[in-house]
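Shared between the two complexes below is chain A, which has chain B as its partner in the first and chain C in the second.
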Partner chain A sequence: MGARGERQRHLRFGRLRFGRLRPGRLMLRLAPPLALIVLAVPLAFGVLGTVLPALGYLPALGGTRLTLAPFAELLAQPGIVRSSIQALLIGLATTAVSLVLVAGFVCAWYGTRAFAFIQHLVSPLLAVPHAAAAFGFAFMIAPSGYLARLVSPWATGWERPPDWLIVNDPAGLALIAGLVLKEVPFLLLVTLAALPQVPATRAQELSQSLGYGLLAGFMFTVWPALYRQIRLAVFAVIAYASANVDVAIILGPTTPETLPVRLVGWMNDPDLSMRFMACAGAVLQIGVTATAIAIWVAMERAMHILAERVCETGRRFRRDGAMRMLAGAAMTVQALLVFGGLAILALWSVSGLWQFPDALPANLSLRSWKQSLPVLAGPLATTIIVGVAATAISLAIALACLQRENETGRTGGNRALALVYLPLLVPQIGFLFGLQLLLVAADADANWAALIGAHVIFVLPYVFLSLSAPWRAYDRRYEAIAAALGATTGRIFWRVRLPMLTRAVLAASAVGFAVSVGQYLPTLLVGAGRFPTITTEAVALGSGGNRRVIGVYAFLQMMLPFIGFVLAGLVPALLFRNRRAIRGV
Partner chain B sequence: MTPAAPSTTSDAAGLRLADVRITLDGRPLVAADHAIAPGEVLTVMGPSGSGKSTLLAFIGGFLDPAFTAHGRIWCAGRDITDEPPQARHAGLLFQDPLLFPHMSVGGNLVFALPQHVRPVARRKERAAEALADVGLAGFFDRDPDTLSGGQKARVALARVLVSEPAFMLLDEPFSKLDAGLRAQIRRLVFDRARAMRLPVLLVTHDQADADAACGVTIHVAPPEGCEGSGA
Partner chain C sequence: MKPLSCTIALTASLAAAAFPALAETPDPADWEAVLAAAEGQKVYFNAWGGSTQINAYIDWIGDRLAERHDIDLVHVKLDDTANAVSTVVAEKAAGRDEGGSIDLIWINGENFASMKRQGLLFAPDWTTKLPNWAFVDHETKPTITVDFTVPTDGLESPWGMAKMVFFHDSARTDAADLPDGAAELLEWARANPGRFSYPQPPDFVGSSFLKQVLIETVDDPSVLQAPVVEAEFEAVTEPLFDYLDALHPHLWRSARTFPKDYPSMSQLLADGELDITFAFNPAEASNAIANQLLPETVRSFTFSGGTLANTHFVAIPYNANAKAGALVTANLLLSPEAQARKQDPEVWGDPTVLAMDKLSEEDRARFEALDLGIATLRPDELGPSLAEPHPSWMTRIEEKWAARYAVGN
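And now, the complex of A and B:
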């Protein structure tokens, strides 16, 4: 009913139309093609630039003939099959575990007070960069980590850390867990954003009055529609997890490393001829990710049939108390693990002597900070400059696209959405290798413009996705009133719509900045190692490094997005401190 | 009561809908062929979904391209059918007051004032006067969100009136007010419109609105309905 009323209101009050073509108009008209250029062109050229060297064609390095030799060389590498299968399984396992956690939680707790509470607990985790979360997790679960210290020596008898390989385990379990910690907040937020588009509350009431348990009722009646809405995001998780580099360096297996990590190693090898094999490997990576998505689609079918069978039996699953507790507990524990890890990171950065099995450091010291700060300043500045620039550009493009859509009434539908998701669906390695080679060939690598442009590819989708919902939900009657009062379209945009959406715009900016801060691979490859950021420096330290120094870098890495979100909340509160309806907090 | 004599010349004062018909996918929605003299009210009645608000959107210049409209709209002798909304000077009132939440109460009015009112000090003065006119003297710096429902409705009215509209388009503007307040605001709106000699088009499904308007009423059939007369 609500959706229908919404649609009717929008139908009655259509878009404002314009007579002459002014410069501002022209800019808006160019915005969608510009977005296409910014997203799709680097992607297409990047993939092409990867595939050609994989087939032996790279004139700059003397490759002028098409040959399959790079692939032959690739397949001759020890453990390459194992690395590939591992990347595939890690992608699928991460996605399956994350989705089960999110689906279980949403289905079991939707509409309760606990739902709102846990939702607020988990949401901030989206802003935590992957590397910082991974380091925090490693500091928690390592044999000498915080959890072991908490129970030692009184329960375990350990006076020194046990010789167990928990982090960097050969099966990649730590890596999967570390990825899950970050993908759960992502999937949860995407699901929350999709919830208003399905009649969840009424379906829940209906299924309950038909006698179904909370969890099963929601799972049968609401989840299928919800899943259809978040499917692209799920695919993005598969692509990300199967091709991840930074978390795999910190938590992943080492002998052999997962496929993406090995590929980056070859790509950065001083022996330039390794580039051919690295590109062949990147093509293999695209194949691995595509296979993972194909297997996932088959699993979707199987789950669908299974769910239908179970549903047909009419079983009510009334006694779901234990399952619901489990779903809620899993969600809470994963959030607490991340928060705990971040706290431990911060503590390590200011710790003096901290011996095993002490639960707290013997003394505190700012020495690590003092030593790191002079080295930190450069990377910190680079991180902020690139983050702010990429966010500003992405915001301008997203705003122009949305305003153009507002005026023409064409949303671009699913195709536009797929385009926005495209950089998130193709494994980063698959096109960044080629992009780097092209930039080197054009002598355009390792400069600010290329680096910022590479970040925009990944920042723009997130800015667009987080801005589009509030932008489209805006009550267009405000614009009708302003126009009837004689305001020009420019004036309506700057004086009415934009100020009213300040909070949404700033929130989208904070998301964009957080995404930029967390970028590892684009910074490493397009910056050609000459633009170190907090993130590349932190990952380079690895999990085996000095915990105090890691603590400093990871703490900073986590603080940057946090500051962004705080500003995004504070600015409208100050700007509109006398305007209750849009002030926010 | 007879409508203002349907003028054969197009330069009559007031708002004239000349053989206006709006269709959606070839299906007729609403039709009107009426002249509204200055200070008079034409009431369009019909159930929700009947397209009466579509008529209003067409006159205001906001018709969605999904609809097809025929006929002309004349305002004070000028054909405004193809004018952009900015040039039509329609005074819009919706069932929600829709005060701009980021501006002060006075800021809402200043935003609405035509540009020829100058300088800024004079604009603020005019806004303050208009607020006093609707019984809200001293409300200039208030946050719109802190006002009561009746106060918001008054501000919305004052905002429309200071914009020097050529005519008023009312889209069920009283339907969300409670009963006592409704009669009061309704009287206020009609009194002011009459005093300023504005033609008014009122869209409603409340018979009391139509009665209070003391004007011609046309009925719009429900969407799939076979009964009811289309104007």
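And now, the complex of A and C:
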């Protein structure tokens, strides 16, 4: 090839066409359809496998004709309306509170030094499994919890805990708070990832030059564009919070339980006919989540109109100091609550007798660890094996998709993004029930492949989302130079791009592993109880049981992702100890 | 694939397909053959997993099985034993008549009755053919052969004895003020609001509390020994629900939420949130003291009119994959060594099903050496035993309870 040909080749870089497909290329070309299969096919079959039994059709259990009887039975359940409305309101309230906290914080503090500080404080919370955070929170706020112990008896006069209903309250306030603790870090990180795509700094300067306060200026100029970018993530929060099972088991109401918790109970009931009703309930759950999202969209409209009205008054809201302090304080307090809760969990796990109102245990003891560790080895191994496998598969698919995108220059746009978000937007129960029934019918339940596959459905979106931003931001001139030196695309990928993006790849892996560690429902349903993990074991303990044991489980549950992130930080430092720029330190 | 390797693969898969058929239906009367067949098997033991001490004990059993019989015991921890029943039901419906996913279930009461009725249990009588059955006290302990009024017919092997016992912290509550019966308990709760509760049914200890009150309040307890007569259900249970209506406003959290299970109640007793708790194991308090979960001042008491008592068992599903392994496990659970360890309050504290006079001197010494703990009542202090009602009562009471109290009022 002459000099001209070479130049043409790298000018056309990104749209290369190959006459002959080598295996590697074939794999790349197949990656996007593969991602589609991994995400959408189980989802579609799962929903179908849920809807058909809901209509009475499940030949394996003797249901051969379509009927609405399961729905009639469902509606006859005591307290079903209350359970459903609870799920709806909890979904909406969690999302509203989380979004207000994130929006308030970002708008009030963007571009300041405190912003970076609080951002670093909150970010690690994303990796804390929901159940561990919920346990820690329960140990903080219960009437016999740590906060009450700190102020008793000297300030409160309590020699014994007051009979106050805080955890497991019928209104679900504790559950909402517990969910908010975990959804805020998620929304914050999604928002931070979207920030570079909007001209935030310039808009901020403009609004300030017009005399607006920091908070109002950002809210009026940047937030609308930013919100458009994170809208899918917000919907995912609604779907998650309205259909959550594990946090609801720990913190949620019990008389009755929220809809998703009751559904899982029915799905496991000895009375087989309950499965039809459970599936009808799962369809109801999809309806509840869809309704919540519809209500949210209506609220978006209302907020939009309201914001416009306020904006048109021309008020500058310059005295926003108190509001800004509040926004920053709320963020800090919620991070400290989680960290405090985790510290208390760790302390309980090594405590001996620790009675109210003592602020510290009477004696320390490794008894709980000694008793638990032999029993924990199996679940721990399962957690790690499934987490590593699901992360590796997700990473391979995500990398191949992104590389394919890199070569074709097509990102797939919003449709691809919606696909990635799909498993996060459909309530887990809505398709996991059907998936489990299909797997049982195919005699393929309770095996490693099915379990890892089920985890990939939830891990892949997070790996893809966290990898795509650095991947797309990569300076492609490095690749152009390598191509000019005669390197093939394969070689460029393996020797140039991938090593330079090692940090991003490892960070995405750590996120993926953390997501896998935290999975409760897929592990429980697809694993058919045969594959206990640290998470399923921890949630099974509930919030009221032996705090030392809960401490051990929740501490381990929290340590696993933490170790993942530490490794993700250490490996590049070792690999590239003589490559300062890649190391990024 | 080459022809030779093809043949090998074919033979291997044929052998794999044929093997379960060969391993099926071991004959417990031929114990040597059972031991041989059990070797190398993986036994899935589905057992309630809510207590760390019990889980650790099952883990210890697993270690012994691995050492002595090369059996890999997997404890599948259940929230509710009904889940295991549901699995077997689903497998039967799906036509999985062999190679089922559960080999052994910790069971009694309505779950046993339901599995027996539906023909879901390994049959016929295998329990009396276990070598260690020779030590079982089936003569003086009637609940070993009649489980909640349903004859066991050798379909479930006894594992431990249970009796409802109440606990209090003598440092906080005076033993003289303690209630002696359901009626006094209601008065006590009125005087001590927020300091008593029971696990939310269908938790088995919570449901047992309902049965205790039912037996104490019903006009004629003998009707409970027969299945529920639908037309009379409301009338028979009216005193129970009147009692609960009166009790609930004075319960912990005003009965707007309930403890999850009895270990949760022990935690609440330690925290000073509850003053009276109970469990289905007379040694629960001593066990909790030994594990530093409760202070050493906790003591036990029962009702002089008697409290509910029963036996808990293990059973093998009809489609279990490792029946031989399950038989060996059931037999080990009945061994004097395992039973003595189980009765040790440091380990679990669950009373034995064995008859002391049937044991060798050496084995009897294992039991005599046990310190039952400061908070455990002596057998003669445990009071009379009340017989379990027919299982249909529990099912119907749980349903009525849920419809009445778990709908958010």
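Throughout what follows, the second predicted complex is superposed on the first by the 565 of 585 C-alpha atoms of A that agree within 3 Å, B and C clash if a C-alpha of one lies under 4 Å from a C-alpha of the other, contacts with A are read in each partner's own complex, and residues count from 1 in each chain.
Operating definition for what follows: contacts are C-beta pairs under 8 Å (C-beta built on N, C-alpha and C of every residue); 3 or more make two chains touch, one makes a residue touch a chain.
Quick caveat: nothing in here was measured; it's all calculated off a predicted structure.
Novice: Report for A:N578: first if it touches chain B alone, second if chain C alone, otherwise both or neither.
Specialist: In the superposition, A:N578 contacts chain B only.
Novice: Taking the superposition as given, does A:A330 touch the first partner, chain B, the second, chain C, both, or neither?
Specialist: After superposition on chain A, A:A330 lies in contact with neither partner.
Novice: May I ask you to decide whether A:L61 touches chain B, chain C, both, or neither, giving the answer as first, second, both or neither?
Specialist: second
Novice: Quick one: is A:I385 in contact with chain B, with chain C, with both, or with neither? Answer first, second, both or neither.
Specialist: The answer is neither, since A:I385 touches no partner chain.
Novice: One more residue to check, A:A193. First (chain B), second (chain C), both or neither?
Specialist: After superposition on chain A, A:A193 lies in contact with neither partner.
Novice: Between chain C and chain B, which one touches more residues of chain A when both complexes sit on the common chain A?
Specialist: Between chain B and chain C, C touches the greater number of residues in chain A.
Novice: Is A:T502 touching the first partner chain B, the second partner chain C, both, or neither of them?
Specialist: In the superposition, A:T502 touches chain B alone.
Novice: Which partner chains sit in contact with A:L147 here, chain B, chain C, both or neither? Use first/second/both/neither.
Specialist: Neither partner.
Novice: What residues of chain A sit close enough to touch chain B in their complex?
Specialist: Within the complex, chain A touches chain B at residues 8, 10-19, 409, 475, 477-478, 480-488, 495-496, 499-500, 502, 576, 578-582.
Novice: Using the touch definition from the top, list the residues of chain C that touch chain A in their complex.
Specialist: 44, 46, 49-50, 52-53, 55-56, 59, 74-80, 82-83, 85-87, 89-90, 93-96, 101, 111, 114, 193-195, 200, 252-261, 263-264, 266-268, 270-273, 291-295, 402-403, 405-408
Novice: Quick one: in the complex, what on chain B touches chain A?
Specialist: For this pair, the touching residues of chain B are 49, 53-54, 56-57, 60-67, 84-86, 88-92, 94, 96, 98, 100-104, 111-112, 114-115, 143-146, 159, 163, 165, 169.
Novice: Would you tell me which residues of chain A are touching chain C in their complex?
Specialist: 60-62, 78-79, 82, 143-144, 159-161, 163, 165, 167-170, 253-256, 268-272, 275, 352-353, 355-356, 363, 365, 367-368, 371-372, 374-375, 378, 440-441, 443, 446, 528-530, 532, 537, 540-549
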